[in-house]
Amino acid sequence: MATTSPRGLRTTLPARVYTDPSWFALEMERVFARMWVAVGRADALRGAGAFIRRDLAGASVLIVNGSDGVIRAFHNVCRHRGTQLCSAHDGAFRGSIQCPYHAWTYGLDGQLLAAPQMDEVDGFDRSEHPLRPMACAVWDGHVFINLGDAPEPLASQLGDLPARFAPWRMQDLSLAKRIEYDIATNWKLVVQNYNECLHCPVIHPLLNQMHHYLGAANVPSTGTYCGGAMGFKDGVETLSTDGKRRRAFLPGLSAADRALVNYFAIYPNFLLTLHPDYMMTITIWPVDPGRTRLIAEWHFHPAEMAKPDFVCADAIEFWDRTNREDWAISEQSYQGISSRGYQPGPYSERETQLWEFDQFVLARMRHGDAETPR
Amino acid sequence: MATTSPRGLRTTLPARVYTDPSWFALEMERVFARMWVAVGRADALRGAGAFIRRDLAGASVLIVNGSDGVIRAFHNVCRHRGTQLCSAHDGAFRGSIQCPYHAWTYGLDGQLLAAPQMDEVDGFDRSEHPLRPMACAVWDGHVFINLGDAPEPLASQLGDLPARFAPWRMQDLSLAKRIEYDIATNWKLVVQNYNECLHCPVIHPLLNQMHHYLGAANVPSTGTYCGGAMGFKDGVETLSTDGKRRRAFLPGLSAADRALVNYFAIYPNFLLTLHPDYMMTITIWPVDPGRTRLIAEWHFHPAEMAKPDFVCADAIEFWDRTNREDWAISEQSYQGISSRGYQPGPYSERETQLWEFDQFVLARMRHGDAETPR
Amino acid sequence: MATTSPRGLRTTLPARVYTDPSWFALEMERVFARMWVAVGRADALRGAGAFIRRDLAGASVLIVNGSDGVIRAFHNVCRHRGTQLCSAHDGAFRGSIQCPYHAWTYGLDGQLLAAPQMDEVDGFDRSEHPLRPMACAVWDGHVFINLGDAPEPLASQLGDLPARFAPWRMQDLSLAKRIEYDIATNWKLVVQNYNECLHCPVIHPLLNQMHHYLGAANVPSTGTYCGGAMGFKDGVETLSTDGKRRRAFLPGLSAADRALVNYFAIYPNFLLTLHPDYMMTITIWPVDPGRTRLIAEWHFHPAEMAKPDFVCADAIEFWDRTNREDWAISEQSYQGISSRGYQPGPYSERETQLWEFDQFVLARMRHGDAETPR
């Protein structure tokens, strides 16, 4: 699949990569079901039995905090007749997980504790019917799952990111606000939109007052992430409705870190935006080729949140507005790519990360393996 | 297609049997278009021209009472340019059936009576263009149709049921109430839910006050039905909101019959529930793999209905509530079976009828023929 | 594909021609993407930058009036990353067409004028990235486009129509009213419905007071259109709610032309209805096999429209009512044809034009070429 033109220009991908249901199904298998995907924050799973539910690549998944404080992930499906165990998106189980149909009951660790009428069945052994588990791991407060059979460690996928972002002490931050979006575009267009600011002058009048749109300093892309940092225009202290910072710097940041916003797209579904005084996370949930759900969360330092005069609406409103601008143009982009007149077009030098992301997708689709595109 | 585990446990069916549109399409051909399916009651077709419309396996069907008192079934399609003759779900034709487009007119027996502008066409013969008929037969007031070309007699499919239920004199009963449900589940999960009461303690708090959930006495399943009877808990006389019976016993019932509710799933689409004092019928109308329409009707003895103090809300409310509990868990069951984590699970001994129903479906799908699974 | 019965009767088409998504997709390619299709009126494109947008055969198309007064058609897709340039259905560009994502800017003639950050890219040449054009031509005020690579001239497709309708001076007429309809039927059933009046006595009580339903004088069909004229019943002067004519005759009409309504279906998507005092146009926009959008417009002579006592509600209300009667029966026709009971049925002599239209479709589907079916 060509991604350069006869003249050597790097070009966007063919339409079917965005619109074909078969391609999408294979992406779910080879990208989303084999890589570690971010599902939320350990912060949301405080206490034994606390859970969140996520739907991914045809799977419904329960991520549950155990009695032992270990976070585990299971398929949200009873081993008896396949009933979905839990319809809620989050909540807390009280000590065990019971199927609402015939009361098969599982421990928070997934073991089958009770199966009415089954113990008398010849050949039935409770220990063989636990909830089906999947890999689950935590990086600095971010919870990831992996649907694959024998996944590489999360650390392999993350590479140097844990060291890079250690100063932000992300595990200490707490959720202040969640906004969910349901948008009519392909998931990859959300990642691509995040990875360039060429559109900022046209699309984001407010954001464009904060950053210089050509001012990104990107790190070399790897096979599992891309990203970089952008400084502020004069007089701007953080990304908020007026550019003013109303919270202390996150502890641990150097003077240099305090003057930047880091934007990292951690493949396949995690957009991590680190500000001097707060963190925004966006997880991406593909529904079908032309539909994507997004969960955006704003996280602050608990010491700030405990202050009587803590405010965060300035940061949330700034990004909610900016996000919606991005979602709208990403939807319009999908409209064009879906139409007969679309042909791959040329990337500028300012869109190198997009081309690299495209090569990541193509490599995973070819081999199902990680490859570094450079 | 395995329906037992390596250990010999009888297991539920693979997911695609519930979710695959191709499987569903073949089910419509091999199960619904070759078997007799229940469409309603002769009671609803009183008088020449009375009709009901049913949509089944891609067909739209008119079931019409003729001037001669014979109930016939036709495709609801004009032989001229294919217009749907009738959009209503029931009603009465006045002596003939006229297409609303160009006024081709058919007798209640389906014969083409008039075709404007056609008689002058060389080679056209009205007698060759009647409404396309299909087999139609009545058992004890229940009307069945068969879309197949040369179906076996209805009696062959019913087996011993006519003799078994003769005492209930079902043909005498009259409709008091109809409720239609449109639910997000596979049609087979409705049949399976009907065929076991293991879920009753968990799902049905009210019903569970009436029956002992392990108290079913089932008859041996055949290739075309399964069922059994359940007695009442002490002090319960029938299934009503409070267990009291407000109507005389149906005439003809023995003392034993008066103490039971009979639950029979007559494949593929008829759930017949016989109480000491009334009958509930449910017909099942698959729409797509994950969507099913249901028509529930409550029928009582006319002598009771004629009484000034006749009431039936106690029976209708009881079952409407219980039905909705069943539909909700059947939808949640479909959710789980549709997800990536589903694997076939083990049936208990109390779910033997479900496994037998599964084998009925598989046998029909393999051969298109009836087979007895035992 | 047989379109006659063993007895030689001409019959309607098989169901899949109406219902199969694959057939529909091929129709879009071989019929709609290779023929000239009517998109609207030059009248709607007055002034440099005026545009209308049309969606056809998977393409989104901008039809734009240039600074030079030439009407051109382009794919509504940016050559950079494929963004849809314009979401509006009509409007006016101010001097240029700018992509809302990264501000690539095109002239009204489609040339790429500016592409931020691209000029420094080695191998990039702006002249190689104009908006992708398609053929566009105007007949007597009617604008047509052709998505094909090297289309025959519009005049070839129109044949003798320009000469035939020259007296109506259609290019002089102005739009008074537009009504859009979105209906649940196949696009061909709309054309077929238009091409016969056998249904008029049954479907159109009002129209049937104006014309004698067997009174059409049809011209011989060609491979690209069919049509004819109908006279009025006594006392009727035009098609309006009461048959009275409230506007002067269109200038240029002979006494004979003043006594007729011309009904021409210009394949594939243009229904042209010419009255003594006004013109109704309907363009047909297939969405999927069972869904079609229709744009109906009423056009009058500007001299009449300039009069203080000009009225047109009588003509619009007449046709809006009559159109809705046609759409409803066309939807019911699609319902029947979509059902299992449908088989091709016989056409009468009064439906010869329908059979000829069917042969036009079949010929285009076989060869992608025009063929005359007679």
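Letters are used for the chains, namely A, B and C, taken in the order the chains are written, and counting of residues starts over at 1 for each.
The rule is simple: contacts are C-beta pairs under 8 Å (C-beta built on N, C-alpha and C of every residue); 3 or more make two chains touch, one makes a residue touch a chain.
Keep in mind the model is a prediction, meaning the values are calculated, not measured.
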| item | value |
| --- | --- |
| Copies chain C and chain B - interface residue numbers shared by over half, same or different | different |
| Superposing rotation of chain A relative to chain B, computed on C-alpha atoms, to nearest 5° | 120 |
| Chain centre separation in whole Å, for chain C relative to chain B (CA means) | 47 |
| Sequence positions of chain A contacting 2 or more other chains | none |
| Of all residues in chain C, those that touch chain A in their complex | 33, 55, 57-61, 74-85, 87, 100-103, 116-118, 120-124, 129, 132, 147 |
| Complex interface listing, chain B residues touching chain A | 5, 7-9, 12, 15, 192, 198-199, 201-203, 329, 332-333, 335-337, 339-346, 348-350 |
